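Both complexes below contain chain A, partnered by chain B and then by chain C.
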Partner chain A sequence: MWEQIAANRRKSILLVMSAALLLGALGWALGVNFMGRNGGVPGVMLALVVWLVMTLTAWYQGDNIMLSVAGAHRVQKEDLPQLFNVVEEMTLAAGLPKMPAVYVIDDPAPNAFATGRRAENAAIAVTSGLLKTLDRDELQGVVAHEMAHIRNRDIQLMLFAGVLAGAIVILAEGGLRGMWLGGGRSRSRRDGGSDGSGIVAILAVVLMILAPILAQLIYFAVSRKREYLADASGASFTRYPEGLASALEKISRAPQRLGGATSATAPMYIINPLKRAGEMAANATSTHPPIDERVRILRSMAGGGLADYERSYREVTKGGGVIPKSALQGEPAVAAAAAQAGQPAPQVAPAPVAAGPAPSARESARQVDDFFYRKDGYRKVDCACGTTLRIPPDFATPAAKCPRCGTLHDLR
Partner chain B sequence: MAALFLLPLVLAVVAVMWGVGIYNGLVAARNRVKEAWAQVDVQLKRRFDLIPNLIETVKGYMQHERGTLEAVTQARAAVAGAGTQAQRVEAEAGLTSALGRLFAVSEAYPDLKASTNFASLQEELASTENKIGFARQFYNETVMNMNNRVQMFPGNIIAGMFHFAPETFFEVKDEVQREAPKVSFN
Partner chain C sequence: MKCPACRVPMYVVEYQQIELDLCGACEGVWFDSGELALLLGDQRPLDAAPAPTDEATRSCPLCDKPMDKVNIGPGRRVLVDRCPRGCGLWFDGAEVAALVADLDAAGWGLPAAVHGFLREMFPAKGGK
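Our next item is the complex of A and B:
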């Protein structure tokens, strides 16, 4: 498990480093193009400065920016006890040192994401639509998937990968704009020089056009791979892959589109928020693997372990594995040790306990509504006839009449 | 000449550094096991603390189930009285099944089920059961990791030198308890 974290990291660092090289090349091309033959080094420096500023901002404010762009609100245990319990349970299953902060987004489209610098100050955000659509087992599956992103350090890596891609896009766009406006001047200055400068200029333009596309592709590639891994670890936390599978199905079938998600934040969500339901998403430009495939892999798992996911992945995709070998070492031994103890691995699934006493879907939907009404300053008045009256904060009349039974409620 | 003297020295340094690495890995693994057990313990303690509250809530509604209630109280007392880790694990398993029976018979009491106090206690206890399960799952994982390091070559050499012993899994022995009580609360 700890080996898995390390192996994940090495592979992804390679991808991020190639993006860094791209950034450097772009900086060099920009420098040479605008400042002449000796401009390469200052160009690279400029690119590095842009990247550094963006990285520092992301490192210290990235999670806050992400949460506020998405319109997330922090909740406590009293607000949504079930969600809170589920997050607490998954924290234990993942063995994280500290429970992530819990946020809710008031949006009917079911979705979720995790963010944060490191496991100690991470946050998990879910939409109110998610809470209203899913039952407890499915919610647990989604939270497990997000917890896996935190435990596997994906949130950190995605932050860096996203910033790198962003820096490349900004530099390339600025460069292209500069070419349109003032590019002529720099070219005319070098007109009398060698023929090489013309080639450099063409190369620079090509790089400026290609770099942002490549950067996005790398970013998406990192993101796609991570989704499978998070599914695998998520399933190993709950030992109940069906929960996540049916949650993914429900989320992908939902007709609503999520507001407050951009192409920069899209890879962070459990399901791509920018794709319409039913749309195929199986090409290089997609941030997420196809949902059908994720569901099929989860459904054909024989048990709840990482090795089961790996086997199922190979069967469904007919391709190579997704989980690093070092992480699988000793995995069958877990099953063996458990079986020896008279305790098959899937038995650890607390699903039978969880399924029962949880508040019904209607109850948790009511809790979500209560939270957002309370946040907006609404007052709740329970009428004796069973109706709940919501009094807006700017309601001036001192009394309100129940629309069902006509009882007058004193509001002072 | 000098190289001839240096070679064994270099080899010795490499061997020592390699040993230090394994030793540190063993210590880290053992600390993870301790930390994981602490998490299990917190949840077990929480369940222990929730039970008097539960008995108090349920008592008024379930006069005809004195036996079930007493079983829970006794199981809780057994947990408090357990001395060794093995006894404790067994007592906790007994408490889990006693609670399972209590929730099963509560089905027959609609007044009790309608009580909001009982409903919230039930979510709390069910979630605590889940947390015990998940914490145990993680604990067993850390024990697995520790035992692999202690027993596999070459870690076993260093482990033997510094007396690292394999840890015990938190197993569920009770046959009845392993079949989690099938209860529907609809």
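Our next item is the complex of A and C:
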């Protein structure tokens, strides 16, 4: 596991360097194009300043920005006890130093993401649709997947990758717009065009068009690989891959589309919120691997360990592995380890469920709705016939009728 | 959430841990797809192709897309509005009672608990 994180760190550095090179090249091209021969260095400086400001903003405010763009609200244990229990259990299973803050988004589309700059101050957000759609094992699978993103330091990597891609997109768009408006050297040709500025201009335009695409591809490629790794680690936390498999299926089949997600934040979610069922084909522009492949890998696992995932991944994709070798050596498959010890392979079982009966789907749906009714200032009216009426603060009529018994409840 | 017909804020009624949104003005009812899933478990009985009609098009109270008109129920006689994105179903004031009457006449393969819920929540008597 720790090796896997070290591998992530090496990849982060490589990614930051290659994207930084791209950024520098773009800055140089912009500088030369708009400021002439000697503009290269100031151009690079400008690009670095833009990137630095964005990185610092993301480092200190990225999680808050992400949570507020997504419309997430912080909840406490008494609001959603079931969700809290699952998060507590998975914090322990993942070995995180501190339980992430828990947020809920009032949106019928089931989805989830994790964010934060390190494991000590991470946050995990789920939609109300997720809580209403999934049973406890499935919710545990999703939370474990998000914990894996925190534990594997993906949240940090994605924050950096996202900012780099964002800085490149902003600079390139700004540059292209500047050229449309006629600010480029290629149009003005004040130097008589004999200094090769025409070629520079063409190169600059090509770079301005290609750089954002390249940056996004780097971002998406990183994000895709992270998803497999988070599935693998998540399954190893719950030792019950079926929970996550079934959850992924349900989430991908849900008809609703998530509001409050943009192409910049899409890679953060457990399932790409911008695509609907049927549009899930994978290619270089996918932020996530295809769902049916993720589900098939999880379902073909012989046990709940990382090595089981690796074996299943190779079988399903017919390709190379996804988990670094060094990480696998530290953790033998459950089935294999048991066989070595001369014992029958243990059944893959759900992680221990907290004491007390798990609330039914209807009950947990009401828990999350009640939270938002309280937050939004709804008034609760209990009708004698057994129904409960909830009146929004902007309700215009002075009375509300119970449809069941016909009682008119005076609201004044 | 605003009524797709009258555009006034709706209130929520909860019974047997199922929630529906009601309009106080026109007595129309919004069945959210999440609540339909909790109630039915399976939404296949609601599959129907959009029907041609002169009724005014309404917008989904959640996603604001124009809703399809579909005939549902055992006799396919109840014309309701369905969100094309799957947010839920909208019943005009008398339509739930019409559906319940249809259900009373022919079973339509809905679980007894669902039928019972609808009949209790929307008694099909004249006292509305």
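We adopt the following convention: the second predicted complex is superposed on the first by the 347 of 412 C-alpha atoms of A that agree within 3 Å, B and C clash if a C-alpha of one lies under 4 Å from a C-alpha of the other, contacts with A are read in each partner's own complex, and residues count from 1 in each chain.
In this text, a contact is a pair of C-beta atoms (placed from the backbone, for glycine too) under 8 Å apart; a residue touches a chain by one contact, two chains touch by 3 or more.
Quick caveat: nothing in here was measured; it's all calculated off a predicted structure.
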item	value
First (chain B), second (chain C), both or neither touched by A:A167	neither
Which of chain B and chain C A:Q256 touches, first, second, both or neither	second
First, second, both or neither for A:A29, with chain B first and chain C second	neither
Touching partner for A:A94 - first (chain B), second (chain C), both, neither	first
Partner chain in contact with A:V50 - chain B first, chain C second, else both or neither	neither
Contacts of A:R366 with chain B and chain C, given as first, second, both or neither	second
First (chain B), second (chain C), both or neither touched by A:P81	first
Contacts of A:F237 with chain B and chain C, given as first, second, both or neither	first
Partner chain A, residues of chain C touching it in the complex	1, 8-20, 22, 24-25, 27, 29, 32-35, 37-38, 62-63, 85-87, 120-123, 127-128
Residues on chain A engaged by chain B in the complex (per definition of touch)	1-2, 81-82, 85-86, 88-90, 92-95, 237, 239, 330, 333-334, 337-338, 341-343, 347-348, 350, 352-354, 356-359
Contacting residues of chain B [partner chain A, same complex]	32, 36, 39, 43, 103, 119-120, 122-127, 129-131, 133-138, 140-142, 144-145, 148, 169, 171-173, 178, 180-185
Residue numbers on chain A that touch chain C, as the complex places them	108, 129, 132-133, 254-257, 360-363, 365-366, 369, 373, 378, 386-392, 394-397, 399-404, 406
